[in-house]
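In the two assemblies presented below, chain A is common to both, partnered first by chain B and then by chain C.
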Partner chain A sequence: MFRYIFQRFLMMIPVILAVSFVVYYLMDLAPGDIVSMMAPQDATEAEIEMMREEMGLSGTLPERYLRYMFNLLKGDLGESLSMKRPVIEIFFERFPATLKLAFGSILVALLISVPLGVAAATHHRSWLDGTSMVTAMLGLSMPSFWLGLLLIIVFSLKLGILPSGGSSGFASIILPAITLGAGQAGNLTRITRSSMLEVIRQDYLRTARAKGVSEKAVIYKHALKNALIPIITIFGSTLGNALGGAVAIETVFSWPGVGRLTVTAINTRDMTLATGCIIMFTIFLTFTLLLVDIAYAYVDPRIKAQYSK
Partner chain B sequence: MSTEMKYSYSLEELKAYKKRSIASEVWRNYKKSPSAMIGLITIGIIIVVAIIAQLVYNYEVDIVQQDIMNRLQGPSAEHLFGTDQYGRDVLIRILYGAKYSLAVGIISVAISCFFGSTLGLIAGYYGGVTENIILRVCEVFVGIPSVLLGIAIMSAFGQSLVVLMFAIGLVYVPMFARTARAAVLPVRCEEYIEAARVSGMNDFQIIFSHIMPNSMAPIIVQVTMGVANGILTASSLSFLGLGVPVPAPEWGAMLSSGREFIRDYGYLTFFPGLAIMITVLAFNLMGDGLRDALDPKLKQ
Partner chain C sequence: MKKTRLIALLLCIVMVATVFTGCGGGNKETAAPGSESSGGQSSGETKYKKEIIIAIADEFTTIDPTETTAESNQIVQDCTHDLLTDTNLATMQNEGELVESWEMIAPDHWKFKLKEGVKFHDGTILNVDDVDFTFKRAAGKSTTSAYMAKIKEFIKIDDLNFEVKLKNGDVDFNYVFAANCLAILSKEAFESMPEEEAVKIGTGPWKFEEFVQADYVSLVRFEECTLYDVPNTERLVFRMIPEASARMIALENGEVDAILSPSATDYKRLAESDDFQLITQTGRGQHYVAFNLSNKNSIVSNPKFREAVAYAINKEEMVMAAWDGYAQVSTSIMCRDMGYYADIEGIGYDPQKAQAMFDELGAKGLKIHLITSDAIHRVKMAENFQAQMAKYGITVTVEFMQQAALIERLEKDKSVEMFVLSWTPGKNADYMFRNPLHSSGGRNYAYLKDPEIDALIDAAAAETDTAKRAQMYEELQIRLTTEIIPWVPIAQATLTLGAAKGVTGLLLHPGLVHQFKTAEKIIN
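Up next, the complex of A and B:
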């Protein structure tokens, strides 16, 4: 098991280097150059060249990338070109907001999808099943930023009970979390339902019923516990979506997260900040996937047995 | 029914029989699901509407031209969905704009399906080092959140419809590669592949005439779901101002420009979003129906 985790850690290094290569080169292709954008209008050619030197942007693209890569290997993401501060510092200033929103949305998604999915499975082929599936499908098909705007219209503008943006206190996270959570709830409901349907037919449930366990305990203790295993697997990708897919929602609610920071960095051609943010995203994503794999093994003894072999 | 049974079939007859029966079987299963049929019919209607709108409306006159006298009029008999801040009819713009979402969704999926499936088929068929390299490269692209990768590509190559299609196409290549590879794995060791090799077929022929048809089902499902995803991603890029450039009536962009007027003219955000949702929903329903139809075992 530990060997496996160690291997996965080592595997992360080439992936992260490759991501940095792709993003660095993409950012370089973008038209417009931050040095000439920032230089004073009457700057001479030589002065611009000097600024370039100071910002660490001199030399050919491969030279610059290699320099960036070696710094990256040392754990240094460089300095933001527009804010003149270490990228890592700026990232971690904004990251808690993104993380809060991500976990808030997952909480919303679980609160909606688990009861809905269980109800759909236990009332298979009834109107309850049908309604839950239609709801889930609508959640999946809705553009999240649209749902966010509709919620703002209803709860902020018409009813005036919740703030439409910013991040001051608990009230301000409710709408963004619901918005982001609704889409994920669609997917999770469908998965909960199908894995419940699978578990419900197992022999051990019949045994539990036969020995007189109440129906409620059969469903919530015996069945749901086993049905939750596939839900853990997609927890990783759900969190990934919440982290990266939140860009539009962060914009709608002017949420001070990393997604919006990255978009601004890309738009202002702040290469180091944009590349750094995307690399940090990737690290967190790979890390989460690894954690999910480990959690998966601990929850399901059958899988743990495979690793120890 | 004729009393005379036919015992011998020519190879051509057998081939024709096999082709007809797979397609018709899938269709028979597909028809059984009302929601799948709703999806298919809705997609049909959207396509027809998109085509008619191109023929009836003139881009310069009906879609882009401003009419400030009539700006921001709420829904009425004359303008069913109202008019926007430039006095343009929202309904006409939405109908005309259907082509952007459809084009981006369908062409981007065609791109990702072509490259992704080819890579996946190669990876699954050859295995070993080739497979490892392809999977590792995919891992890199999966690691980058798709919207951010899309934004980076859009800003690198400039904003246009074509770039948007390629950006979204590229973003979903790894998904197809993985699906195709997973679909090839169980087929790879079948005896008929061995037989084909012995009979002198080269790898290319084997992949295209034996492996591909037998691992198509999951890819077909992925295609319909991919169109839905592509439309959603495209609309969020446009919403962020990085998709189809204005004044084209792309739905995400319309929504984004209506946002300014959200306080008093909510319909400007409501209708374009509704159009996106209906289109995406239709493709999702079709994808679900196809999955059930292609694999009846799953449904039970």
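Up next, the complex of A and C:
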């Protein structure tokens, strides 16, 4: 098992190297540069060139990339060109908000999808199954940007019970978490349903029923436990989606997360900040996927046995 | 299965704990904006709302004035820090803010006298050493080094008087000190506290209180302010809400008291509402349709064609399309509110004359390529221009891109034919012409290289006789607007701000650094 974890750690190195190169190269390829955008409107050509020099943007792409990677090896992601502060500091100021929103949305997604998926599977091909699937499809297909504005209009403007944005207090996370969670709930409902459908046909459940175990206990104590295993597996990718998909939600709800920060950095061509944020995201996601794999091995003895070989 | 349950339980605990921990404590929530908006502050008979919250679109990122040129930062810094000179929004003149008076001994030798007894937030009194310290610090910053490079020598006369000798003569040097990134900092603060704390110390009527990244920045009034009257409002909060519709909802909800840059679709609703007000001010930004004069392969290098285009554009129609009428049509290349603006006639809309000129040039069936950014008003300007030109049988193909990409294209792509852009000169008349229209200008995207125009710009900048100077600027305006025509000036857009009824002290600045020093609302 430890060997496996060590191997996974080693695999992270080429992933981070590849991501850093691709992001750095693409950012360089993108037209426009931050100096022209940041320079005062009345700056002369010579003054703009002087700014470029002072911001460390002179030199060829390989030179700059190697300089960047050398600093990265020392744990230094550089300084944001627009904010003039260390990228790592800015990232960790904003990351808790994104993480909070991501976990909040997963919580919402689980609260919706598990009961809905179970109900759909246990009432297979009934109106309840159909309704659950239509609800899941709605959640999946509704643009989060539009749903967010709709929720703001209803709960903030019309009913006045929840704030329209910001991150002050528990109430402010409810609408963004629901908006982001709705899409994930659609996906999770479908997975829970299919996973449950597979499990409820198993022999051990028939045996449990034959032994006189109540239907409720059969479903919730025996079937659901096993059906949840695939859900743990997709936890990592769902978290990834939640982090990545949070950009639009963070904008609509003025949520101070990393998604908004990264988009702003890309738009303003703040190369160090954009690259730093994406590299940090990559590291975080790789770790999350590793943790999920380890957790999966613990809950599924077959996987654990595989690792032991 | 016990393990499954355990892991499921642990995951749930982690998620719930993350959500609740983040939301429950920490300094982010201790002073949440909006939490104290009820209640009032008594000042004699009048009661004022304790807290005014203003929603801004772009992110505030730093309180350090020397580190930024972004308006979203400068709007907040304008409340906490002061400049040596600044634009008086009532008179639109450059006046002393921290300086009492100034004198131009020679174009390259200036004398300034500071106001006496101006108190910093740390209790120290402003003196020449603070100015000297600020300038020395600014010389090492990329944002401000260009300004400081103009100065050859800084001479301290006494605690309140100083002289500046310049490398080159500049009869408008007082305007340099109106650059927001040259706000004066306290030398003593930098000696007694860490830099990140010292940069917060200014002389403005508001003191920095708290900053939560991408969420809000809050200020509290400076009770011992000597430069301005102490504000009637206790707390001023700037909330960052990027979405225009979300800002409008926050205003309608009462979560904020004012919103910057409301959506054009909400103008009418704000203006006609009993609960809200629409505050407007003509912006200094000159929006124009321009030609790349260096592209000799294109008809745009022919001044007759440019003149015909100027006659062909119905500016009123374009203003309706791009700003729903909220803009003032331009007749001159120069911006209306600037010193030395001459109210010239320019080239008016004359479709018959335009058609005749196009016919003479054989322009029917011509194809022209125009580029611009994806900002909504520019998209509409470009589309309207396309439609207007189609009436004369000219096909305009339009390409939209991000602002950063547009600037790079204008800098590097010599095959550009036409573009839609704007120019917001911050300070004096020289800035109106030098950078976008002088052959050495850093933003001369029309690639106008005219020695006569260069000489006229240089001569006007050096002229000390105001009457002669006015004449020179008038000549520049006439020649550029009606003869050379590198741009067809379209309009100066109206700046807008939505606010709850009764909120006052919200001053829109044509140069976009709006002033909220006296924002308040009487509640009785």
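By our rule, the second predicted complex is superposed on the first by the 291 of 309 C-alpha atoms of A that agree within 3 Å, B and C clash if a C-alpha of one lies under 4 Å from a C-alpha of the other, contacts with A are read in each partner's own complex, and residues count from 1 in each chain.
Just so we're on the same page, a residue touches a chain if its C-beta (ideal position, glycine included) is under 8 Å from a C-beta of that chain, and two chains touch if they have at least 3 such contacts.
In this text, all values refer to a predicted model and were calculated from it rather than measured experimentally.
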Contacts of A:157 with chain B and chain C, given as first, second, both or neither: both
Applying the document's definition of touch, where does A:62 land relative to chain B and chain C: first, second, both, or neither? neither
Check the residue A:31 against both partner chains and state whether it touches chain B (first), chain C (second), both, or neither. both
Can A:50 be said to touch chain B (first), chain C (second), both, or neither? second
So in the superposed three-chain picture, is A:82 touching just chain B, just chain C, both, or none of them (first/second/both/neither)? second
Looking at the overlay, what does A:240 touch: chain B (first), chain C (second), both, or neither? first
Contact breadth on chain A, by residue count: chain C or chain B: C
Report for A:100: first if it touches chain B alone, second if chain C alone, otherwise both or neither. second
So, does A:251 touch the first partner chain B, the second partner chain C, both, or neither? both
Touch check for A:143: first (chain B), second (chain C), both, or neither? first
Using the superposition described at the top, list the residues of chain A that contact chain B and also contact chain C. 30-31, 149, 152-153, 157, 251-252, 267
Interface with chain A, chain C side, in the complex: residues 1, 3-5, 7-8, 11-12, 14-16, 18-20, 22-24, 28-29, 32-35, 59, 61-62, 64, 67, 69-70, 142-143, 145-146, 149, 179, 181, 212-216, 239-243, 245-246, 249-250, 252-253, 255, 401-409, 411, 423-427, 431, 434-435, 440-443
Note: in the complex, chain A contacts chain B through residues 14-16, 18-19, 22-23, 26-27, 29-31, 137-138, 140-146, 149-150, 152-153, 157, 240-241, 243-245, 247-248, 251-252, 259, 262-263, 266-267, 274, 278, 281-282, 285-286
Considering only the defined contacts, which chain A positions touch chain C in the complex? 30-34, 36-48, 50-51, 54-55, 82-85, 90, 93-94, 96-97, 99-100, 103-104, 106-107, 110, 149, 152-153, 156-157, 160, 163-170, 172-173, 177, 225-226, 228-229, 232, 235, 251-257, 260-261, 264, 267-269, 295, 298-299
In the complex formed with chain A, which residues of chain B make contact? 136-137, 139-141, 143-148, 151-153, 155-158, 228, 232, 235-236, 239-240, 252, 255, 259, 262-263, 266, 269-270, 273, 276-277, 280-281, 284-285, 288
